[in-house]
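Structure, as structure tokens:
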Amino acid sequence: MTEQATPLRHDGRQPADLREVRITRNWLDHAEGSVLVEFGRTRVLCAASFTEGVPRWLKGKGTGWVTGEYEMLPRATNTRGDRESRKGKVGGRTHEISRLIGRSLRAIVDTKALGENTIVLDCDVLQADGGTRTAAITGAYVALADAIADARTRGLIAQGAKPLTGSIAAVSVGVVDGRAVCDLDYPEDSTAQTDMNVVMTGEGAFVEVQGTAEGEAFDRGLLDQLLDLATAGCAALTVKQQEALEGPAREREL
Amino acid sequence: MTEQATPLRHDGRQPADLREVRITRNWLDHAEGSVLVEFGRTRVLCAASFTEGVPRWLKGKGTGWVTGEYEMLPRATNTRGDRESRKGKVGGRTHEISRLIGRSLRAIVDTKALGENTIVLDCDVLQADGGTRTAAITGAYVALADAIADARTRGLIAQGAKPLTGSIAAVSVGVVDGRAVCDLDYPEDSTAQTDMNVVMTGEGAFVEVQGTAEGEAFDRGLLDQLLDLATAGCAALTVKQQEALEGPAREREL
Amino acid sequence: MTEQATPLRHDGRQPADLREVRITRNWLDHAEGSVLVEFGRTRVLCAASFTEGVPRWLKGKGTGWVTGEYEMLPRATNTRGDRESRKGKVGGRTHEISRLIGRSLRAIVDTKALGENTIVLDCDVLQADGGTRTAAITGAYVALADAIADARTRGLIAQGAKPLTGSIAAVSVGVVDGRAVCDLDYPEDSTAQTDMNVVMTGEGAFVEVQGTAEGEAFDRGLLDQLLDLATAGCAALTVKQQEALEGPAREREL
Amino acid sequence: MTEQATPLRHDGRQPADLREVRITRNWLDHAEGSVLVEFGRTRVLCAASFTEGVPRWLKGKGTGWVTGEYEMLPRATNTRGDRESRKGKVGGRTHEISRLIGRSLRAIVDTKALGENTIVLDCDVLQADGGTRTAAITGAYVALADAIADARTRGLIAQGAKPLTGSIAAVSVGVVDGRAVCDLDYPEDSTAQTDMNVVMTGEGAFVEVQGTAEGEAFDRGLLDQLLDLATAGCAALTVKQQEALEGPAREREL
Amino acid sequence: MTEQATPLRHDGRQPADLREVRITRNWLDHAEGSVLVEFGRTRVLCAASFTEGVPRWLKGKGTGWVTGEYEMLPRATNTRGDRESRKGKVGGRTHEISRLIGRSLRAIVDTKALGENTIVLDCDVLQADGGTRTAAITGAYVALADAIADARTRGLIAQGAKPLTGSIAAVSVGVVDGRAVCDLDYPEDSTAQTDMNVVMTGEGAFVEVQGTAEGEAFDRGLLDQLLDLATAGCAALTVKQQEALEGPAREREL
Amino acid sequence: MTEQATPLRHDGRQPADLREVRITRNWLDHAEGSVLVEFGRTRVLCAASFTEGVPRWLKGKGTGWVTGEYEMLPRATNTRGDRESRKGKVGGRTHEISRLIGRSLRAIVDTKALGENTIVLDCDVLQADGGTRTAAITGAYVALADAIADARTRGLIAQGAKPLTGSIAAVSVGVVDGRAVCDLDYPEDSTAQTDMNVVMTGEGAFVEVQGTAEGEAFDRGLLDQLLDLATAGCAALTVKQQEALEGPAREREL
């Protein structure tokens, strides 16, 4: 009854609701794994590229490498942003998110089992409406799983090896108009007092917790509420990922 | 009858055939004009950004500016390419195509009529299978037309002004296995003896002719055949553009 | 009694102990505020530069700006690192920490009260032994307080204005050998299963929580333990800051 | 009679006339081949550097490499331009012309016959008055021929091998005041409605055709006229090159 | 008699002899002043560009600016060097010499008398055989004098103003095979134990003295010998400059 | 008596006096050699990093390498300077001084005796008050001596080998208010008519002489006075270095 009384969010959602999530596998023909992931109007293209060999500093150690690169198309946002390639340098935010994606995915990869192979997760934001980094991580996991399956089919990964030790999903939570909510879109994100991105395994453990007080500092009680929302949100995304992965693997021309 | 006798191209096309062309308008929510253009498996996202004002060197001259930026996503191609933003510099090919796109579109824009406004055409190749620059130009024209219509609706362009003086389309032609063909895909492009990109107005006049002998130099007779194929190909693309533009304009939230 | 039984940390500390903290104010002659802050062998020079005026994008809004720049001297670490100036680009980690410092300090600054003035916090790591970013934030707060006091003395800040709305301190916590500990030094940091940096106000509220599972993902119980340790650590650092600020302000030659 | 009636060009030339062309071989003491080429007041220094070995991506394939680099001295033009080295990036136009030079020369080089050797053609514009890229290609061919002869003398190329399969020359043509003309100088170039650069072999076949409508799009008839002019211009330049190459080869100190 | 006994230098010169010096004025058509200066086989093109206005940091101070930019063409030297524009950064040596050229010329310019005008001296080494920086300074002075005369003719400098307060020349001296010699060519320079570049006014006073022990450190006696040689060498160059400037000024098309 | 009559310098020194010089060894825990050197308020941290191996171009020649890198912290000076890492390029002055430091130290190192090892001298200016480059060289010598002693202890240098062939010190001299003075501080430096940096061996021979007329050109008599002052200043600094080196070597944890 009381819940009924609280006003809905600007787009009609309850505080704990995710936006509509769509995960389209095999969106690209060339990549070993590829996903167009959509969290509402946020649209990120995740491509997993599997290559034999590892960066120089890892050679001969019998271990693989997984890394991420994030970037936004110039007109992903409401007003056009300059291309980082034209500016000649990668911005701090782009660096930060790229590192977060790589770190998150490595948390569920057994690089020994991967062998001396490299997987790069390219996450390019085609359209941005809040939560691009969490959508990217959520989609990248699915692309990664496809790329590993593809490599196994091609005999590039040892038969019994299990490079994937679990699944990973991410969601943003925050305080908007004094209320904790899940999966903020841009209008919410830009007015949030606190903003937190949480990456969790499919089993419900934390991989990354990144919370920032945009306005006032937050207390432990609020922090707890946000962690609860994130836990539920990631669990729902994990289900979406599993559903997507139950579909047929793509057929690649070899 | 004789045509029947010549072997078909590797994908079953006749020499003068275009691949399947799809022009999807309003693929993005934020941009003033946006098109996902597909020439077979080549897929380019064209976003037209309209902004008031012009670059510093044009200020106060009462004239607008139209420019293009082209880039490929790292996994658009069969093997992953490094991001130009990470390399810290834009490659020669990217520069060249960006300049070509801008120049081609300015050929059908009356910058006086545009007023002191700027339109940037961002052409990002999501998937590459030959002909990315010609697909980009063909799609960018439609995005440009939409952005200009949108600006007129918003009162940003003078009432009677006609910034668009015509339409523009582009196609590649080349010599493959000793035979002149139109709209080469990647397998054809990579073995072509001669490769030519042609940009033409909707009225059939030439805006750009860029021909290169990859292998042997070509004679005037072959050049004439290529120009004929290009003329027909651009005419067919012009029809596709018109059909696309007859659909409803997008409704933007203002 | 049981606590007595648990083994001490490799340097003799209890799990909740900070290293020896030293805050030396006015270490530089030119800067408006400057602090050499030491957390054990970690040594960071924090300089606060106060300048009139704000970046272009803030002009005329009647509000000030506070930002941070972090960098490590090449031989701060055990093996020499290349200078970012020579590499021609700022690394992702440097970007990330610089942004964290600026964001943290802005959390306790009322930029309206600051007026159209800019304060840059330069945090240069002279020697690194773990916890450089948290030492930097803790020291930068003291340098910032001195710079604001200096500006007030010089009449650059309005008489009744209170740009500082609180104090800020930061500490790292983590899981080492399966046990939650506070203020990790480098040997601990490099073997930690989980690593968390926490920034808190002097009043005990959270400004930033950045936790990363380096090895296994962590559960909610462990997360709670880490937050407890961080809360106590930041409180102790707040006392150190207050003691340092009770000393005499430097006398600058005007 | 009718020709008499049409007005001469601003410098007294007939539409099909080249400017005075001078090709001075061996202008430098160190380079394996070097030419100062002048098309009227346009003055380009072309140096061919022969080095044993090839870029990494070509190693072990038994084939050589030929490439070009074009650049303008800052005061080659009427007003000083900034150096690209100081701007920290190479401009699009410079990239484009460098690529054109390399591609054009490779059209008449049998890289198998060259063996695993590299020739770089540096084309530096000392003074610019229109047609710098066509002068550069025309001069670079002569420098290339000298460098190959020099390498043969030194025994760096196999005895019977013929790396040069032909000669190459280039000229600009365009439409000025409604009339097709050959070898435009800067005053003509800057007012041309259409501008085309054509690279041809000594045997009269096309290697590159790059035409751009600066103003109005052009029709097939005009295109044909321009190609005729270019064919005649390149033939005349081929004669100049042959005359230059009949002089004595330089004597290099070994 | 004893001098007769000492062996000549490798090219037949006496220790105090300069190489053959040629100063060709007006080598370029566009620049306000331009000189091709040759010290033996060293060949530097010096262009003086006069522009109205000064860099931002000098605006409104009623004073002008003179600066220099030095660069070597890639094949100026015996083996090809990479272009700094392609490397994306200017090397230390290039920076150092550019700064030396600017500083040296400012020593004989009254920037107040110059008014708010800028003169850039571009010194591009077309061929290098030792002494490029001293040839550049010696030639740049003549180009500067011409540019100032040209500006006076055009009324860009106040009638009675005398921006030039003297003349400047430069020479290298060094210790080769244990003997002090003047104006080293590349074979001498590359084996010199000590290398010194000296810039002097036409009146014989020192502007720059830059001496470096390449091998053994040198004592005061040797330093004195080198300074004597440099004084005589600069005096001889001053005469060459005066002779060159007595020729007719160029006629520029206005 | 006459000396008594001449006015003292602005800080009470006689013309030949150095500022107070402090050399603190082992200021860092990680570096093989490290010195905090102070010339009055100028404070430079010199770290010597010894690494096995040499740059690629020296490999296999049985000879070592010594180089220097100089940089200023942004708030070393009275007003904050931008970081070179953020600007993306190293400035000319920084380049120039880095090269000077490396060259100076190589003058007293026998690189054959060093074996295939590299020593980098990082000289970071923590606070600048004139003479930063001479303080850097003077301190770097002590750090270098410590790094070599440390390498010998660890057996990284052959037993009888003597990589150090002497000692090196540096001082600035100049003409202030028409009078030659030694070791200029910033107020003197910024008003000096002539400024000279001199690097000398402990035995009193010259390694570098770099004099610049900031205002009027200087004559030979003045040059001689400056060289006398520099000789005395370097001798005094050599004594300070020896005293510092007589203290105990640091104990490093191996």
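We just call them A, B, C, D, E and F in the order they show up, numbering each chain from 1.
Basically, a residue touches a chain if its C-beta (ideal position, glycine included) is under 8 Å from a C-beta of that chain, and two chains touch if they have at least 3 such contacts.
Here's who's who by UniProt: A, B, C, D, E, F = Ribonuclease PH.
Not measured: the values here are computed from a predicted model.
Of the chain pairs A-B, C-F or B-D, the one whose interface repeats that of E-F, sharing more than half of its contact pairs by residue number, is B-D.
In terms of the distance between Cα centroids, chain E (Ribonuclease PH) is separated most widely from A. The mean-CA centres of chain A (Ribonuclease PH) and chain C (Ribonuclease PH) are about 29 angstrom from one another, to the nearest whole unit. The centroid of the Cα atoms in chain D (Ribonuclease PH) and the matching centroid in chain E (Ribonuclease PH) are 33 Å apart. Inter-chain centre distance (chain B (Ribonuclease PH) to chain F (Ribonuclease PH), centres taken as mean C-alpha positions): 60 Å. Multi-chain contact residues of chain A (Ribonuclease PH), defined as those touching 2 or more other chains: 88-90. Shown here, the protein chains touch around one cycle, each chain meeting exactly two partners.
If you walk the ring beginning with chain A (Ribonuclease PH) and heading to chain B (Ribonuclease PH) next, you pass the chains as A, B, D, E, F, C. Those residues of chain E (Ribonuclease PH) whose C-beta lies close enough to touch chain D (Ribonuclease PH) in the complex are 28-31, 34, 41, 45, 47, 49, 51, 69, 71, 73-80, 83-86, 88-90, 94, 120, 122, 124, 126-127, 129. By the touch criterion given at the top, residues 89-93, 95-96, 98-99, 103, 107, 166, 196, 200-201, 203-213, 216-220, 223, 227, 231 of chain B (Ribonuclease PH) touch chain D (Ribonuclease PH) in their complex.
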